[in-house]
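Labels A, B, C and D are assigned to the chains in the order they are written; within every chain, residues are numbered from 1.
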Amino acid sequence: MSFLKPKTHIEQGDIVILYLSVNSMHAIEAVPTIVNKKGETIAHIFQTPYGSLKVQSIIGVEYGSRVELSKGWAYVLQPNPELWTQTLPHRTQIIYTPDISMILHQLEVRPGAVVVESGTGSGSLSHYFLRALKPTGHLHTFDFHEARADQARDEFKRHGLGDFVTVYHRDVCNLGFTSELDGVADAVFLDLPAPDLAVPHAFKALKLSGGRFCSFSPCIEQSQRCINGLIKLGFTEICSMEVLQQESVIKTRSLPVIDLEFLKMPKSSEANSIDDSKAKEPKELKKYLTSSCPQVLPGHTGFLTFATLPPNIPKA
Amino acid sequence: MSFLKPKTHIEQGDIVILYLSVNSMHAIEAVPTIVNKKGETIAHIFQTPYGSLKVQSIIGVEYGSRVELSKGWAYVLQPNPELWTQTLPHRTQIIYTPDISMILHQLEVRPGAVVVESGTGSGSLSHYFLRALKPTGHLHTFDFHEARADQARDEFKRHGLGDFVTVYHRDVCNLGFTSELDGVADAVFLDLPAPDLAVPHAFKALKLSGGRFCSFSPCIEQSQRCINGLIKLGFTEICSMEVLQQESVIKTRSLPVIDLEFLKMPKSSEANSIDDSKAKEPKELKKYLTSSCPQVLPGHTGFLTFATLPPNIPKA
Amino acid sequence: MAVIQLGDYIVIQRQKYTKLQKFGSLDATATLGKEHLELKSLLDQPYDSTFKMCVKESKAGKRGAQRQHSLELCSENELRSIRDVLNISSSGADNRDISDNGEAQALKSSDIEQMREACNESSKIIEKLVENSKTFHTRTEYSQDKYLLKKEKKYFEFVQIRQPTIRLMVDIFHRQDADKIMGIRVDTLSQIISYSGISGFGSYLLYESGTNGLLPAAMLNSMGAATDSTLVHMHPGNVPQKQAVLALKLPLEQQQRCISVNLYSVLREFYQGDKLETVEVTEESVKTEDNAIEQSEDIEPSSKKFKLDESRNLSKGPPRWQLENKRAATLMNDKFDSLVMAAKEHPSSILQALLPLIKPSRPIVIFSTCKELLQETYMELKATGKVTNLHLTSNWMRTYQILPNRTHPEVNMSGNSGYLLTGYTLK
Amino acid sequence: MAVIQLGDYIVIQRQKYTKLQKFGSLDATATLGKEHLELKSLLDQPYDSTFKMCVKESKAGKRGAQRQHSLELCSENELRSIRDVLNISSSGADNRDISDNGEAQALKSSDIEQMREACNESSKIIEKLVENSKTFHTRTEYSQDKYLLKKEKKYFEFVQIRQPTIRLMVDIFHRQDADKIMGIRVDTLSQIISYSGISGFGSYLLYESGTNGLLPAAMLNSMGAATDSTLVHMHPGNVPQKQAVLALKLPLEQQQRCISVNLYSVLREFYQGDKLETVEVTEESVKTEDNAIEQSEDIEPSSKKFKLDESRNLSKGPPRWQLENKRAATLMNDKFDSLVMAAKEHPSSILQALLPLIKPSRPIVIFSTCKELLQETYMELKATGKVTNLHLTSNWMRTYQILPNRTHPEVNMSGNSGYLLTGYTLK
């Protein structure tokens, strides 16, 4: 239930982010016992490289606290879509915060918005949509993979978000978004291998007063076909873009400052001994606070194609 | 003649870079007189925003010197391909140093190399090829536009580079690189709207012992077709890339450091007057040497596609 | 569908150019380059309508003719693309035979200007230009398109009126003068909203020293109408910059959940509270300054400089700013669910004052265009141990032209996204 | 066509993986992951030939089997692509019916290992893997390709032997350990060559504190064989790093136009020249240290530590390093046509010593991975008035996958190009 709104203390059943380090975070469920593979109910112990955590011990603890592990410690954080995206069980390739942020911005999602999403995938983007549109909007999310749809539905419920979302198992490319959704959406988001097939369905789902459209495609050819479809149906403000986030790794660098002036002086045997002792002394160091990118960066996530459906386009 | 090798003093007939500022450079010919539109021989006076330069006065001057203008001054620099690229008369869209550097590197151009280029365009890249391959190599450069080919030929001669280059007026897509060039090239460079049409000609021009290939295309579709052609003919190591150079504009930024601590103290009428005087004093400033990109950067120049022709591929 | 009303901020769009404009009175005009548009006919028309610019008079100005236009609501039929009208078909294979000697256009510029006075329809003008161009039909389709686009832009006579949204405004502000919104680019703005977790639930703290109201507007927009979330918006000036907030035309209940207060003044209230009360009230006077849109000086205003929105209420009780300070102080005592900072001042001392007001396990987001500054702040925060999961990021964003056989990234891109320093507070 | 000889450095390529290796003796072996290759059959074969890896024996190692291979020159026919061999055609429309439960492959890893011992042909192994994969034929073509590529990589049994070039070496060095070449990326290297104007004419000055010889090699490569240009290569260690220079196998006359000298020692020679002579010679001794490839300590070496390449000549005259210092000092007196610097030390004092050695109107190029450092150097140079047209630049480089219906930028890119500070000297 820890996704609905900010809360201060861990309650039983909450998803909790166990923060070990910048590169090591885990989403765990704050329940005192779990059922093991043999069907036995056992104490819920979570293993980390810094030792184990008896999960019961964190129930009632304030979020943001430090908790002790058997060989170290960790922080417990309240989950939110950013932290969830970094810790969720990947069922598919997922979209990350930089692209998602642009999607939410361009789709103008705010409380009250009705959004149609396909596919649900791992539910990473869905959590962002839900944060942005609750408590007064609704998300309709579709996946053609039945197990994924079921898992997502269950997950949203456990996260306290069930009231704001409907999960559908459906092949939208062939079958569309169901006629109940005709003309209800403020925004449609597609992450499909053939987005062009779903563009006419998106067109139908958007409100008569118009709305915004987004398709996320890894390949340029998908975007090209999608745009052809959008133009045919009268979409405007068609715009494709890429967003790549660069992390700066901050470090202090020390550079030796070397003296070359003394080389201009004759090296008498007396002066020589002084030089030699000099050369062995630790040289002057100049410190710089600087940063660089990691050696390998994400070079591509996907092309984002946005468009506007203007108001009053007949949908005959 | 000032492009052949490093020289120290300006001689009559040299092209000279008149450097006014980072954004204002001009290539001028160091001749004392010019012929005006009416056919009269007049003194060569070059006008700048900082006044005029009597060009005769710079002949014999050392490169790198400061020269006086009627309302200011400028520096005279020896031209090289970088400075020439920034000052040359644009007859076509040109390629700039970051892409060119990658082209030279990937084509492995060094003294002695035989390079085939199409099209010549404004001759910007040609000057780089010539610097890299002289004095022992040769450039064969083609343009379908007759006036451009003539201009380029004339320019290379005046720049002292005539011995190392042959300029052809020819439609290479349809007619190829002439049979004299079969099997002579270490490297072929294409900057054509339909590079795929010239790929078979490039294949023929490359040495039997193999060589390197590059095509520069603004559009991805051209690159796609070019690559199809390369694959068919047995080229390997096919690789497409983009290089974008970012300039950092360096500046010192001063940030006021504000004091908020005093707000915790009660504001007695006495203390108050002190506060007020404080507020009017210049605040503490912290200085940062920092940099940012210009607001607008080149976002795209072209896609560079490189490939290797392996040795001993039969050219039947 | 919403209709255009007096007092509204409107977005005027002419092709890709957009402008934010206040429709303050029936006499209001908008200026787009050399064109002056009378706005009165917009009244009560639905948003997203398109209007035709009809020349009323033309005056010689410093840089060519200044034209006064009335606006006429137009039908969809009038909006066929100019390319359709001209129906260009013949297209050379390449541009080998074009020489650019400046003589390709047979019409003189005086002819064109005259023609423009005579017939106001851009498609006609362009048709004539094309007829008189010696090289047009020998150009490649690509170069024809470029030519038409350039001409269309100059002579296009339709405008669309749109309702301001955050999306439209950040584009306008960033294009017109990025400095006025502290260089916050669209991708960065979108990430500030994500990382800070602004939504319909919670209580948020923002410090900004001048973004034309864009940051508070974006946060209010994400907080939504008819929700319980609240925003305390601290600023260093006498009055907050509010243009973008006003342009959104939010319901009053939503507007009132944004409490804009002066940084110094509200901190004094927070630190000293009741002790302060008697002193401040007696100090009050009525001198007001209206520079709401202008960047105000970032010094602590003495109480007497404060703007009194409701001077008629003066005799009845404490001034509005004092009430706002008290509302803010109450929220400060309860602590916030995230902190967003975009300071023109050095962030350290501000962060030191505001960080204790944030609950544990909550995001903080600090924006700056100066990387060196955030590197230093990163080190400072790291040393305190009060914040974890620190990241310093920036973005690379590029738009694409996707057209048949002409797909490539746009040749220009924006160079600076600014930098975000993000992290989570600890207990 | 050049043939492979003893003593050559060779580039071994297995698919996209490349490695620089010295073919020092007939017993030499090269290690590619778990595969050990005997090199002796390469002798006298032409470069660019492809060889088949033939398993001779297989030993259990810490991380799986270590295999010893001999190499057999192979025909073009053997190089048909594995994809052709398998001739995959049936392809699912998408991956909706695949569940990733780890049970898709019916073969156990022990089976695969066994199969690998038995039949050495990767195409056979992959064929078997595909046959036994329950999901292969239901995958999309895209995902089939990915699968095949992954398997191909693991079992591919051919290597190609190539002659080292700057292009191949910068790729290898940057991929293996970018720090060993000071983080100089291919785009940056290419621009160092352009901006410094290195070519067949002129006299150049380089200071670098360790790039495996890449910078001097790239400059020598651009200076060319049978030209008159010269390079003075200053370094802070006892001996210069030279691997990349040696790998190029340049003609002797070309090698000799690169004069590698110790920074301190050559400056002393330059400043004090003749005065020095008598003192130095007497100080000389014969203790040598051979750590040519290793990064040497960047302190001024005392003369006795110097490597004496030709110790047999000791009795006949001054040591080689002293002769090189004298040759360099002569060129320093004549001044240089450009300056390239890539220092691990603070560049200011070095620049102060070297800048006066550059003729006016000549390019200088300073490389660093630390932007803050170059910002400072920019300001310092600007203040001297000795250099103009200063630019601080970096690059963004990305490679593309261009395949039918699957065109997109590669998902990984290199984050750091490093920074170049460039300018032109003034009189």
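In this text, contacts are C-beta pairs under 8 Å (C-beta built on N, C-alpha and C of every residue); 3 or more make two chains touch, one makes a residue touch a chain.
Just so you know, these numbers come straight off a predicted model, no measurement behind them.
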Message: Can you check which chain pair, A-C or A-D, has more C-beta pairs in contact?
response: A-C
Task: Report the inter-chain centroid distance for chain A and chain B in whole angstrom, where each centroid is the mean of the CA atoms.
output: 41
- request: Starting from the mean Cα coordinates of chain A and chain C, work out the distance between those two points in Å.
  value: 26
- line: The distance between the C-alpha centres of chain C and chain D, rounded to whole Å, is 49
Query: Between chain A and chain D, what's the gap in Å when you average each chain's C-alpha atoms?
result: 37
Per-residue overlap in chain A, given as positions that touch at least 2 other chains: 220, 242, 246, 289-290, 303
Field: Touching two or more other chains - residues of chain D
entry: 371-372, 396, 398-399, 404, 407
Task: Once you've mapped the touching chain pairs, tell me: line, ring, star, complete or other?
output: ring
- prompt: Which of the chains touch, listed as pairs?
  reply: A-C, A-D, B-C, B-D
Field: Touching residues on chain B, where the partner in the complex is chain D
entry: 4-6, 8, 19, 22, 62-66, 75-78, 80-82, 97-98, 100-102, 104-106, 108, 110-112, 128, 131-132, 134-136, 209-210, 220, 223-224, 227, 239-248, 250, 289-291, 303, 305, 310-311
Task: Spell out the part of chain D that touches chain B in their complex, as residue ranges.
output: 1, 46, 48, 165-167, 186-187, 189-191, 193-195, 197, 199-202, 221-227, 337, 359-363, 371-372, 375-376, 378-379, 388-400, 402, 404, 407, 419, 424-427
- prompt: Where on chain B does chain C make contact in their complex?
  reply: 144-145, 147, 171, 193, 218-222, 242, 246, 253, 255-261, 263-264, 266-267, 275-276, 279-280, 286, 288-290, 292-303
Field: Sites on chain D touched by chain A in the complex
entry: 94, 96, 99, 140, 178, 236, 263-264, 267-268, 271-272, 275-276, 279, 298-300, 302, 344-346, 348-350, 352-353, 369-373, 398-399, 404-416
